[in-house]
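Read from first to last, the chains carry the letters A, B and C; within each, the first residue is number 1.
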Amino acid sequence: MSELVVTGLGITCPGVAKPSDAAAPRQEPSPGWFDVSCALPGRGYKRLPAACQYLLAAARNALADADAPFDGVPDERRGLVVATNNAAMELTEHQDGVILASSADEIGPLTAPFFVLSLFASRLATEHGVRGFCLTANSPRTAGLQALRLAGRALACGRADLLLVGVTEERLPESEPGSSHSDCGAAVLVCGPAASTAAETAYGDCRIGDVFLEPGGEPDPALTRAWNVVCAGAPGPVLVDAVLDDSAIGGAVASWLARRPVETRMVRAGAGCLTPMRHVVGALAGGGPERVVITAAAEGAVTMARVRPARHAGEQTISHRTMSARS
Amino acid sequence: MSDSSQVTVDKEELRSLIADALELPVKEIDDHTHLVEDLEVDSLMALEIVVNLEKRYGVKMEESDFKQVTSLAQVVDLVSAKLAASS
Amino acid sequence: MSRRVLITGLGAVSPLGSGVARFWQGLLVGGARPVPLPDPRAHMRSPLMYLVPGDAVPVAPAHHGHVPLGPGPRMAVAAAREAVADAALGPQFCSAMPVVMGVEMGNAAMHEARRAAGTPADPDGPWNPLTVTASAAATAVRARGSNVSVGNACAASGYAVSVAADMIREGEAEIVLAGGAEGPTRVGLGVFNRLGAADPEACRPFDRHRKGTVFGDGSAMLVLESAEHADRRGAVPYAELAGFAWSCDAHHLTAPEPSAVQAVRAIRDALTDAGTDADRIGGVIPHGTGTPLNDAVESYALREVFGERCDRLPLLNLKAMIGHTAGAAGAFGCLAAALLIRHRSMPASPALQDPDPECPVWIPQDHPVPLAPASVLVNAYAFGGTNVSLVVTEAQEAA
């Protein structure tokens, strides 16, 4: 089971000022909530799709938070995993509309390539000279937590020495079902292997497990097995953040949790894979007892992240962390 | 100002169009500044400029024209020639 | 020490028809031809695609849960079933099996159909995710391990196969289903037209007059299995996935980095990972898309690694035969490599009208050539600069 140690956090979400607020209830994005000129000064950002801007901004925050960790890492040893479901839905809606109404010749060139979901990660890789590898995860709802597992495995297989794990989402256009509670914003974590990470710089670690539930099957044994693997070797956290929808799969996970000796905070899941990661970020930034963030897609995938915050005295600002790391 | 046989291009308007596409202040676009070498214009930005030219001046650009998008002066000549050819 | 990864099952739905046998036969007779997308609202200059023949596109399953399925996920289900049956995997093997899919456009056709019909949507209704392919495939074969969908554009399923192999190497699983699937997409074709990257005639990689790529649809699936497990249950492998490596250009959104330094690194690292070297590769399945830049840069990368051997190292021009299958391309490359190994032969590729002198590679066009040594390099390079190279060899005898 691959483990990741987190040394930097960055978040760009409506109504979220700092990583320790990341798990606060989702706020509706108000017009102008994100100011690209402020978050990303300079050329080359204003024309990017919004979800790419959120991702770049959150990555800057995370790298600053970890005190420029890529500086000592050769570009071919830097890695990146980005999760998204809906970053390009608004754009492809528009592009398809243009084709239907007139012709492909009318599609705007600068944003055109972003119909490809993976380009959001590629743009981030180019921004920070990541040449080890760049991987996009796009499983419905579970991709954010799965990105942590993909990252941990990549580290274990020696594909990089340090990496960014990010999630970015844009609201669904109103023409798509489920738009009214869809994720919006980005979160980025700086992650490295436990062996080479200095303890005083760590926010904590994560261990991820996942399973696939068949419709109409018996969920409990599979869920319990996955839980036991993820929470192995510990008294077991009793705090759970469950990011679930009202599908049959979401309901099955909720019922299973209700029968376990855990204290569950139920969080309504909308379209996208950002909300579960927000809870991971919030848990790490806030310190406190370990917890499990669990999420499920109506399509069957269930992913659990056991988050063990290192001992921090509450939330620390960037300057505090930099000072304490150097003292 | 326009008449039915306008074949001249307003250079300042074109300068502004290019500056806008490249997210640069107008003053950085000299008549002969090399767009690719000096201003880091890449293929996507060049295409964006061409598309804006097509829309603004009602001309059609071919792929062979793209190579001529090298400086403001060149673009003025290109668009003027297109307008003259179609008038 | 790395556990060995074998390829023990294959499944395909492709522009050459339904099933792996038709895929191989189709390669032997020179591949498919592109046709105009049968979509009257695809307003673009070159709406060409290599399409899975109508009778080979499965009509079922029509839904996965509440999500209506377009052709991409349906083809994934068919190919997944074929691969699992081909590997002779009974339910007892599938129950813990992870599924890793490379998916880029996913269920896009369903969303495009909805837009064309102008159907209003319920903002509080259940969300229809784009990337349901991995879930649909897992349900079809009753696989209940990790269910992972990865992107990475034109290299997506190359990465999916790699991730699946890493799962086996790390001891997380004995068997993993990996692959990719894409259906037709108006937006994908439209944008490539817009960017001047769509060839109006055909997909003709390495031809001097190539003008871009032409997409293809379909699904390719592979069963990856640890050598010990295959040996225990008496499975006969097609080949071994001996090594693979990743790299990232971090250069430009759409153009490959011209010095090819990262593409070269991925090839060299894949050879090292496979415990082999440039002299012991018998053939290459290049990424070769037909865009002017990719083919030139890839040719350069191959020559950097193989030197003068390039003149005698045969390439299979796969995209000239099935088109560019986007997220499924990497899996099709690995599937074709496994078949090349099984048959010890590389089919001839369609004749190039005018081989590009800037692409000094050898593409056999007259008749099949022997594959010797029995090892194949597969490349997949994504729009956006993410690269993967994989080395597929004959399965070694267990030590």
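Quick note on the criterion: contacts are C-beta pairs under 8 Å (C-beta built on N, C-alpha and C of every residue); 3 or more make two chains touch, one makes a residue touch a chain.
To keep track of the chains, here are their UniProt names: A = 3-oxoacyl-ACP synthase; B = Acyl carrier protein; C = Beta-ketoacyl-[acyl-carrier-protein] synthase family protein.
Treat the numbers as computed from the prediction; the structure is a model and nothing was measured.
Asks: Counting C-beta pairs in contact, which comes out ahead: A-C or B-C?
Replies: Of B-C and A-C, it is A-C that has more C-beta pairs in contact.
Asks: Among the chains, which has its CA centre at the largest distance from subunit C's?
Replies: The chain farthest from subunit C, judged by C-alpha centres, is B.
Asks: Could you put a whole-Å number on the gap between the CA centroids of subunit B (Acyl carrier protein) and subunit C?
Replies: Using C-alpha averages as centres, the distance is 40 Å.
Asks: Taking each chain's centre as its mean C-alpha position, how far apart are subunit A (3-oxoacyl-ACP synthase) and subunit C in Å?
Replies: A distance of 27 Å separates the two centres.
Asks: Residues of subunit B (Acyl carrier protein) that contact two or more other chains, please.
Replies: 44, 47
Asks: What parts of subunit C, by residue number, touch at least two of the other chains?
Replies: 195, 252-254
Asks: Counting only residues that touch at least two other chains, what does the list for subunit A (3-oxoacyl-ACP synthase) look like?
Replies: In subunit A (3-oxoacyl-ACP synthase), the residues touching two or more other chains are 109, 112-113.
Asks: Help me check something: in the complex, which residues belonging to subunit B (Acyl carrier protein) touch subunit C?
Replies: Residues 42-44, 47, 63 of subunit B (Acyl carrier protein) touch subunit C in their complex.
Asks: Hey, which residues of subunit C end up touching subunit A (3-oxoacyl-ACP synthase) in the complex?
Replies: By the definition above, subunit C touches subunit A (3-oxoacyl-ACP synthase) via 41-45, 64-67, 99, 103-104, 106, 108, 111-112, 114-116, 120-132, 134-136, 138-139, 142-153, 156, 159, 163, 166-167, 169-170, 172, 186-191, 193-195, 246-254, 262, 265, 382-386.
Asks: Within the complex, which stretch of subunit A (3-oxoacyl-ACP synthase) touches subunit B (Acyl carrier protein)?
Replies: Touching subunit B (Acyl carrier protein) from subunit A (3-oxoacyl-ACP synthase) are residues 43-44, 46-47, 108-110, 112-113.
Asks: So in the complex, the part of subunit B (Acyl carrier protein) that touches subunit A (3-oxoacyl-ACP synthase) is made up of which residues?
Replies: 22-24, 44-45, 47-48, 51
Asks: Would you pull the subunit A (3-oxoacyl-ACP synthase) residues touching subunit C in the complex into a rising list?
Replies: Against subunit C, the touching part of subunit A (3-oxoacyl-ACP synthase) is residues 2, 75-76, 80, 84-86, 89, 92-93, 95-100, 102-105, 107, 109, 112-113, 115-119, 121-123, 125-126, 128-143, 146, 149-150, 153-154, 156-157, 159, 172, 174-182, 210-215, 217, 222, 245, 247-248, 270-271, 297-301.
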